[in-house]
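Listed below are the structures to be examined.
In the two assemblies presented below, chain A is common to both, partnered first by chain B and then by chain C.
Let's turn to the complex of A and B:
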């Protein structure tokens, strides 16, 4: 479908150029016409009327500086898009570009900025990075084919926002606390203090292993409690990936959640998070609240 | 200030890791005409995480256009200039990341401290 149109266009363009500049230029022209080809990068989808009204005001920058944001619309739905050059966003080119962490990080941030702009002002379905069509027709067809699903998500997300809750811990503090809280560990420590150097060494090993176990168990209990309590004041919860050894200035990451929170209930949600943060601070936990985010973690059809 | 009474750390702007985790990994997946294989997304995420530490630093010193700038298209030029500056700052780090991630079956790169000291002797990644 769309591919044919594009192929024809290109052939036509190349023909024209050939005629204009002669055979000597052929090679160069082919390269040029290839880099001039465009695709359409899609950021998010929302109700057409709601999105159209937002295009009267100032808009954030698009993925690349040489294009502006535009709407590609079907009957009731519209997609926020911008033209991108296939020299960078074509299949092979993009795959190669994705290995470039700087390039990808900057584009991901631009994607976020655009989606955030619309998500604050309308109910939109945020798409994952890298949704690209070769022609406007492809976007229109997608909107038509997935209308029911997309409208369902838009309705489900209406009036709701995603909030991130990251839980960090001060591992050293947690380990100390564990010894105070665990009778078994306290007992072993006392034994170690009285033991001969040889015995003491073995006891220390045992203490360390037990301490690590109990610390993990305590962190799991805390995570579950936070999840349970905050789920009561929200409309959905998801756990995000935490890399091993993920550290920040706040300590080691224990768990990361995303909650779908109704705007009207945000005060309750925040208050609950405050209470949890206060309750777990003495044991060495820190809670970080981030958002509001477009509902990336709740955009799935299910 | 109310934030001093608050026990929550409210990150504004949020950490870039949080941004990237969502944009690269979440959001509705619609297969467009361009197939993007995210098979290497783990490695990519790792690279970006290392990179992000330096972007966060860049943000502290004021290269924060991607969050605070309302960034209307008329400002694109300024953003582009900062983009170039940021790229230069990151180039060195990137080289380091590439070295660290080069051996395919190597243990976690962050443990490879040997030779990791940067010229300036500060700003350890990871």
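Let's turn to the complex of A and C:
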């Protein structure tokens, strides 16, 4: 998907380029190495002064080896960018490249490495993978148009990074535990043991349904408790989507959280997570802690 | 028992998937002149997930899983760093 938001002559220039690259499409393979049209891949945005000072030291590799990281800045904000060839990153070329999982995985990791480098040293707004401007002017215009919003996010993220907490459960273990914990289930089980075969069958059906309900309720209670406890040592919390069937060697994923945590509270956060992991391990839960991440989940406007 | 090397390679894969999830599906979306659409991102992520998890043979995955369950009893909390940071034997350490 490409969006064209500019209303001046640059738009025409862009459209022309687009058409040109469309015409070129057939001969692209021969001309790829000679194409020197460039776009600008944007990684993250921060305060200009803070980012400029980081350019005195060593920097991570950019998206492609033939270009270095650079700043495109106005008087307040700067975007960490690098030039990319439109032979690879033009609209149509990029769509084709993205089907190559290895190509994409490598670029996604490079994106992460760059954002992480700056997020660890300054307050930056991490951008999602794959934001490209056709000209320097496009980046400058974006910085100007969204200045207030970007500055707001930069302030909110200052001194903070993100930790991920994934909660998994061992369903079999949880189902067994539930019977021990629930008086109602215990009572039904005892009744079933004394009942006639016909009655027992019906009771078993009832027990299974109740067990599934209580297991879900227990998982929800545990998730809520983990969220509440960790929110006390955090500056923000987000529940993330759990892909269907996101099972792993840890068991089934119950819930995934992202917490925005002040660097000064990393130890507190970790200690709280460890306490919770220990407390819920007997019932079959596992907590997985990931991070610190750039605050990807707290980079939205709102 | 699972060797450290096996454990670390699993950590690496997990950390890779977590990284891709962050980079591809989260972060501020700016309308660049060329921007990957939301629908594409989902497809890309699913594709990468499949590719990365199919690298190992079924045997390796099953074997590793059985071992991992035991391993995690002592390791209820597994820190996974976005970079491939070494994980210590007990609780891991912050970076």
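Here, the second predicted complex is superposed on the first by the 244 of 302 C-alpha atoms of A that agree within 3 Å, B and C clash if a C-alpha of one lies under 4 Å from a C-alpha of the other, contacts with A are read in each partner's own complex, and residues count from 1 in each chain.
In this section, a contact is a pair of C-beta atoms (placed from the backbone, for glycine too) under 8 Å apart; a residue touches a chain by one contact, two chains touch by 3 or more.
On a predicted model such as this, the values are computed, not experimentally measured, just so you know.
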Partner chain in contact with A:153 - chain B first, chain C second, else both or neither: both
Which of chain B and chain C A:90 touches, first, second, both or neither: both
First (chain B), second (chain C), both or neither touched by A:290: both
Partner chain(s) touched by A:68 [first = chain B, second = chain C, both, neither]: first
Chain B versus chain C as contact partner of A:224, first or second or both or neither: neither
Which of chain B and chain C A:106 touches, first, second, both or neither: first
Partner chain in contact with A:273 - chain B first, chain C second, else both or neither: both
Partner chain(s) touched by A:60 [first = chain B, second = chain C, both, neither]: first
Doubly contacted chain A residues - partners chain C and chain B: 2-3, 39, 42, 89-91, 94-95, 98-99, 101-102, 104-105, 108-109, 111-113, 115, 125-134, 138, 142, 146, 153, 164, 241, 248, 250, 270, 273-274, 277-278, 281, 286-291, 293-294, 296-297, 299-301
Sites on chain B touched by chain A in the complex: 6-11, 14-30, 32-38, 40, 44-52, 55, 66, 70-73, 75-77, 79-80, 83, 86-87, 90-91, 94, 97, 108, 110, 126
Complex interface listing, chain A residues touching chain C: 1-5, 14, 39, 42, 89-91, 94-95, 98-99, 101-102, 104-105, 108-109, 111-113, 115-116, 125-134, 138, 142, 146, 153, 164, 241, 248-250, 266-267, 270, 273-274, 277-278, 281, 286-294, 296-297, 299-301
List of chain A residues in touch with chain B within their complex: 2-3, 39, 42, 45, 58-62, 65, 68, 89-91, 94-95, 98-99, 101-102, 104-106, 108-113, 115, 125-135, 138, 142, 146, 153, 164, 166, 240-241, 243-248, 250, 256, 270, 273-274, 277-278, 281, 286-291, 293-294, 296-297, 299-301
Residues of chain C touching chain A in the complex: 10, 14-16, 18-20, 22-37, 40-41, 44, 47-48, 51-52, 64-65, 68-69, 72-73, 76-83, 91, 94-95
